[in-house]
């Protein structure tokens, strides 16, 4: 019976191509807009590191001067070098890493390629374990290396391939900004989206090509690439040394705190630290510490922008209008067929069968809508991707989304078809046969 | 009142020419009650449509209440139809979503009457057909005979000069039919000209005068049947 | 106007009318908010920078082999750039308008008054930035060569003696004082704050961040030569020759010394495009949604009206037989459409306000101005009438003979 109904449905659609085309088109566009915006929202808002995100936290302290102070102000997004070092040395945590962005010309391996700027990041050894960074060759450096500012580096597979081709990069020598480093490891293709570990300053999309020990970068006075914010009353001494001694904030910090009691201990430590610093004349503002869990940090940093949310709301509103429109079109279609319905009923078809027939027809429209909708979704994704490189990477279709689009289209079509179908089944045979 | 001379109506589709009326001559004087009869396909309905200014004609002349309708455009024909004619259809043609009051109101809205005058006319017309008490009811709540009476009220509300009735009792049982015919006679008695198309000879007999149409032309009832010309097509 | 009978008919055929009303209401709610956002975003993206954008480009180089005399290297580079035919002006700079990367500092009028400073974005220019960007001086003068200070960030703190303010920054620092040339502002706070004398005011100069608020125009110029390995140059050229000159400039700077990379070479227009890419794209997307909604709603109206015309064919013929002219039939359908439309836009206005309140709370959208609401209502009513014209015309074409001919 179902196949019969499908055949009837397809035949009926072909009888009135304009009306059918309109229904399918409107349904497809509505579904596409919704699915595309929803996908972007989902990708951007998803947990980038689900198995660890519950244990990773961003500590924040407010060392700003009183200039421009407003009650209830947010604390700065980064911290100063001296505070980061203090936390790393003394704060109670399973693992911690500070980080700041670098950039430099990387040379090594082949000599025939032109020099180019690469982006990098200065981190502690804990970084790789905390964020489960997968290695292709070798491993991260050790805590010892951190302590003695060793000249070691970890490369991205992209950079390693570019410099060394098919050969092993492990143990080889490279020069970054004129200084020699030994490659201790090469990581696999690791491109979490969004780039959650370094959201302040720098591109949230482009992933770094080299990782250096933070103390090494500081010792070599490698300038920070990213945001340097100096809201400080005390004078700023010149040079990199002055920067490290100042209250300018340019370091981002992460701590791994597995249990609730760990978190409490860390929070207490931060409070105590700030009090101690106040006694020394720093931290003039009222205490304003934060310890953001990873998911919360993503929200604070507005990884999913308000614009993305707005677009998703409006897209679903659009789908709703398309649905109501489809109800109207189906109603028009089924009403025009009242005569046929009357005949079928007169010939003995029970209401239920008619219901099944017309719902199947609605589902056929839904399938056609899904096919067109997939194409339209690709178009919508392209439109969304034009907003920024970040969204361009997020706006991609995968299998889950494909299936969801089809389900949404067919589901919406059936939903829209419920009212018209119910009305169609109410037709009494006699009335239809007598008139016309 | 209604004077047609040599009236001809030819329908042309792609390949077929249909002569529905061939040189029809008819003269209805004011105050008459004329029945137009004829077999199915003779052109009765075409005659009625032209008489009612619903269709144009191909050749001949037609004067309605002294007005030559030949050169009138659609707008003028509508106005003439609205003021001078009243229509009664076989299928009643009441508008199902409007109550009786609003149904009778329809033709009045297309004239320049104020709200009060319309109300008075509607109440009077419905009173004439005995349905004033059911003004707010809907057609679906009435019997066939009552619906036709409402249609008559609608036809009368504008004080027409000529009433055209197309098989007014066609959809009614014999008792209701009798009631409608009595009403029509009563209306004619008060001075309204009535032209009624019917295929029922009993009904025709109740009119003052019969005009018989066969093959698009008038023929006397008493005369010999006109031989059909070769290749005559059908349909009115 | 036969409003009551039309209303009576509509009430007995509620479903179709409700479907259309719903579509109109939802569409109004969405497009009122969407168009507001579109206008807001486009307004931001079209703000002038204060520079003659079509004549300017910026080129950024990195000396990864650090030169011995950076000041000399910078001067030499500017000389090379100026030597290219068609170049009107060039200067070294630390940041460019809409470049998305730059500095923020605080200037104060009275450094002893804690918390009184105003943030602004400083442009360092050892050569004339006013000429390189084509800025408009509204008070005072440009810097003199003798006023330029060389600062090595490795050894010295940032300081200068003179400053040029943007008009808005001057208004923020010296409220209600039209003439600020000769006045003094301070860099930093406290006792060590360095005094700067205002020598000029430019009409408008946007910061590199070009943030959405008006604070983007709080900028100032310092006659400083800052010695870093990175160098950016802003170059102003004769109209129409920019592409050629950009290529020549890149070649010239690379040739000038070894150990150099050209990091960026773009026009100010490109920088604007990059900075406002997001705004423009959001505006584009929302405009597409608006157009889509209007088309969908219009098609819904056309569909429903066509259905009604078909269903009421007999009725229309009867009306014509009873004396209605074609114009009367047209008027009937248009009146019916306007009645449905009016209910729709009234409901839609309520929905639009409700949706706006929701968006204000969840995504910090500003409150919808009334003009968008009324404009949207009018637009949808007009759209409805336009959409119904087709079916109404068909209705008017139904011949009166339909009354007698169809059974």
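Should a chain be cited, it is by its letter among A, B and C, assigned in written order, with residues numbered from 1 in that chain.
FYI, a residue touches a chain if its C-beta (ideal position, glycine included) is under 8 Å from a C-beta of that chain, and two chains touch if they have at least 3 such contacts.
Quantities reported herein were computed from a predicted structural model and do not represent experimental measurements.
Counted as hops between touching chains, the shortest connection from chain A to chain B is 2. Most remote chain with respect to chain C, judged by CA-atom centres, is B.
The innermost chain, defined by the distance from its C-alpha mean to the mean of all protein C-alpha atoms, is C. Across the two candidate interfaces, B-C and A-C, the one carrying more C-beta contacts is A-C. Separating the CA-averaged centres of chain A and chain B is a span of 76 Å. Work out the mean CA point of chain B and of chain C, and you get 69 Å between them. Distance between chain centres (mean CA atoms), chain A to chain C: 25 Å.
Residue positions of chain B in touch with at least two other chains are not found. Residue positions of chain C touching 2 or more other chains: 407. Those residues of chain C lying in contact with chain A across their complex are 15-16, 19-20, 22-23, 26-27, 29-30, 33-34, 37, 62, 64-65, 104, 106, 114-117, 119, 152-158, 188-190, 192, 261, 263, 277-278, 281-282, 284-286, 288-289, 292-293, 296-297, 299-300, 303-304, 306-307, 310-311, 355, 359, 362-365, 407.
Contact residues of chain C toward chain B in the complex are 2, 4-5, 8-9, 12-13, 314-315, 318-328, 399-401, 403-405, 407. Within the complex formed with chain C, the residues of chain A that make contact are 19, 22, 26, 29-30, 33, 65-69, 104-105, 115-117, 177-178, 229, 231, 233-240, 306-307, 309-311, 313-315, 317-318, 320-322, 324-325, 327-329, 331-332, 335-336, 383-384, 386-388, 419, 423, 436. Interface residues of chain B facing chain C in the complex, by the touch rule stated above, are 45, 48-49, 52-55, 74-75, 78-79, 81-83, 85, 87, 89-91, 93, 95, 97-99, 102, 105-107, 109-111, 154, 158, 166.
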